[in-house]
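Look for subunit A in each of the two complexes below; its partner is subunit B in the first and subunit C in the second.
This part shows the complex of A and B:
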């Protein structure tokens, strides 16, 4: 019961055919979000993280986007749902916390209005009851004077407060899954820490499964139970958080970790080069050009071969089946 | 909110003062001596003596500031002088013609609102489809055809060819249709396009995506969020154009022989009936200012950033 999977993607492919070819943003992603667990999704900007989270909600802006594979929410295949059925899922069963809280609220609607709208679009209750739910949830994110905040407009609140409000709205209908897309990139570090702490506490209390999308390894380390590293739309490595930070296997993950700021290091070591274009991406290792561990076998490697051990999966030539030993050696 | 309205009211004082000075100056700036006009219209030969007597009678020999103060005093007691032509008090005459103009303008206003809002929403929702293109053609025609021409065309088609509506004059509701539509057409074209643009811009805003992630219905997002945000800039422009519609009614009233202020003022201009012109300009200016005040207040009601932002 404890490790019940609430959201599962199976070989998820998201791509956009355009006049230059096919833009492949998400490539064969298998993820499992478990009840009360936080799955961190890390990667550089432009690696497909946001496209991935929007595709889960069925909200990719351009209608030309194609989605293949499977997205299963508590046993329900989301890709087979009608538009209206999908709308009912959003906000109620699967909620989202967006980045830039300052710009996502409607400037002409009060905070209370945002709450009431969300609740009343899903369940039939009076405005008074909806407001009561709103107040309860505002209290959960420990905002001072929630009654006053309900009547205030977004421009009267700070970014940090708005982010808390957004969390409160997201959990108001007690969704099974919460997608947090860079939830704290827009607020300053001290507030970030508080908000993340609160978010973690809330999702554990409510037993919500979370997909936490971030480029910030610090945030991931603080929050996640399991981490998936994304590169060019591929999950190149997936492991429990401690395992990943202690024993990173994929050269890209290692690169990410060593480009982090650490007091013991004098210089940061950035990953050289740029990721390849996502247009007409082949299934060769996309990190090959930038990899400092590249060898002869890498050119023959194809991205659909997954290596590693039971809960530590790596998409790298050096860890494919038969080479499992290496992972242990590293560990 | 009360504070906001009060502030707006206070700011009206200097504006109204300026208007009164300009209106007063109008009479001083005309190249002809009002006394002479007065005499001519009264069929009295404007001899030098007669002019001198009349000037004294009309108080035109007093220093300017005294004349101004006297004039303002009169205005406050609603005395705008007498028409040179009819010898009736000016205000009485204008008020007699005003209801017809107000009726015409308000009807046009309603037409503008009920035509342009749905058209804009449809054009925005079905962007670059046949619906949008029809709207575009309509807007192009509406904006580029002068109202006297539209008026004549409509008259020709609906009154002469098909004999559906009366040609001109005022009376039943039927009389109102053609002139009010003619007057509305230009604004309908402008506002349909303007609102379409602001709607499309607002559809790109983050709050739309956020609304969708919260599972709001599309229609709800459109009406509750997008429309409300999109209508704001349109309201500002609209306030300005209500004044222009009042002014534009001059042409339409003449085309359709609509017995309103517009037609009256044209004849006053030809007769150089200065007190009438002066009173008309003053009333129009005050209406213009009040309409803008109304728009400001409406804007304040709709946009909390203006209403509350100013107080904090």
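This part shows the complex of A and C:
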């Protein structure tokens, strides 16, 4: 029961055909979000993190974006749902916390109004009752004077407060899955720490499965139970959080970890170069040109096969099944 | 955290609201109670009394046909202001519906509506109005229809643009994330953000609509001559601008007051609706 999977993607592919070719933003992603667990998703800018979280919610414009594969929410295939059915899923079964708290609130609607909107979208109750639920949830994120905040407009609150309000709204209907798309990039470090603490506590209390998207390894280390590293739309490495930070296997993950700020080092070691364009990827490993462990086999490897062992998966030519040496290193 | 709302501005604005409300209330009284208030019948011609100055019988004097100017102004309120407001309301309502559908839905519907707008906008407003009146025949009602048919296009364009820009904003995405239906998003989040600007635009344009109606009346396409109307009075007085400027000044003042009060009220209304915007 504890490890029940609430959201599962199976070979999820998201791409954008345009006149220069096909932009593959998400490639064959298999993820499982478990009840009460936090799955961290790290990756640099433009690697497809945000596109993936939007595709999970069915918010990509389906005229332009094409989605293949399967997204399963508690046994329900989301890709086969109609627009109206999908609308009912959003906010109730799957909620999202977005990046920039200052711009995601309608300037003409009070904080209470935002709560009431969300609640009344899914449950048929009076505004008064909805406000009661809202108040309870506002108290959970420990904001001072929730009654007053309910009547205030978004511009009257600070970014950190708004971010907490957003968490409270997201959690209000007790969703099964919460997608947090870089929830703390817009707030400063002390506030970030508080907000993350509250988020973690609430998630454990409500037994919500969380996909935490971030480019901040520190946040991931603090929050996540399991980590997936994304590069060029591929999940290049997936492992429990301790395993990943202690024994990173993929050269990209190693690079990320060594480019992290540490007190013991004088200089940071960045990953050299730029990620390749996502349009029409060539036949070689997308990371090849930046990789300092590149070998001959890498030129024929397109990140199609997954290597590694049971709970530590690596998409690197050297770890693909058969390479006993490397597999041994993982174990 | 709590931001101080600019108090002095609010104070002044309140006075302006009172000022413009009073003027508009007087206008409403004029148009509803004209026969009671007016000292004379507006169409009584008395050539012996023409171009008189202020007197007890004629508080604002008489025009070139000896008709009481004050009475004509009072009777003309209904036609001038009433028609302009009606034209504006209908125009804006039509364009809100069309513009919102066009902007929010996009795609083929948007293309079709916008091409229709392009077609209408390709002709000068005046010419197009004349053509439509020509087809429908002269008269106040037909003039109104013609003006609405020509004017909605511009508003629909503007509203579509505003809807488009709001549609891509983050708070609309977050409304979608929370499971709001399109209907709710439009009525709760997009229209309240678009309307204040439209109100200002419409009140600013109201003056030009009054002048347009007057202009067409002058051409004999709207109000027929004996009926009182501000624009027509303005035109009639043109010949006497040197000898009797009051013939033009009084209707001019009425138009000015109306336009100014509508603008002030529109401004105040926008501030009221948009007060939360910083």
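Observations on the structure shown:
The rule is simple: the second predicted complex is superposed on the first by the 319 of 331 C-alpha atoms of A that agree within 3 Å, B and C clash if a C-alpha of one lies under 4 Å from a C-alpha of the other, contacts with A are read in each partner's own complex, and residues count from 1 in each chain.
We adopt the following convention: a contact is a pair of C-beta atoms (placed from the backbone, for glycine too) under 8 Å apart; a residue touches a chain by one contact, two chains touch by 3 or more.
Computed from a predicted model, the values in this text were never measured in an experiment.
Look at subunit A after the overlay: subunit B and subunit C clash there. Judged by the touch definition given at the top, the superposed model places A:87 against both subunit B and subunit C. Once the two complexes are laid over each other on the shared chain, residue contacts for A:107 go to subunit B and to subunit C alike.
Legend: residue contacts after superposition of the two complexes on their common chain; A:98 is shown touching both subunit B and subunit C. Judged by the touch definition given at the top, the superposed model places A:122 against both subunit B and subunit C. In the superposed model, A:158 makes contact with subunit C only, not with subunit B. Look at A:77: by the touch rule set out above, it reaches neither subunit B nor subunit C.
By the touch criterion defined above, A:57 reaches both subunit B and subunit C. When the two complexes are laid over each other on chain A, subunit A has residues 57, 59, 87-92, 95-96, 98, 100, 103-109, 114, 117-118, 121-122, 153, 155-156, 169 in contact with both subunit B and subunit C.
Residues of subunit B that touch subunit A in their complex: 205-207, 209-218, 220, 224-225, 228-229, 302-305, 308-309, 312.
Considering their complex, residues 57, 59, 61, 87-92, 95-96, 98, 100, 103-110, 114, 117-118, 121-122, 153, 155-156, 169 of subunit A touch subunit B. The residues of subunit A lying in touch with subunit C in their complex are 57, 59, 63, 87-92, 95-96, 98, 100, 103-109, 114, 117-118, 121-122, 153, 155-158, 161, 166, 169.
Listed in rising order, the residues of subunit C touching subunit A in the complex are 1-3, 107, 169-171, 173-181, 184, 188-189, 192-193, 273-274, 276-278.
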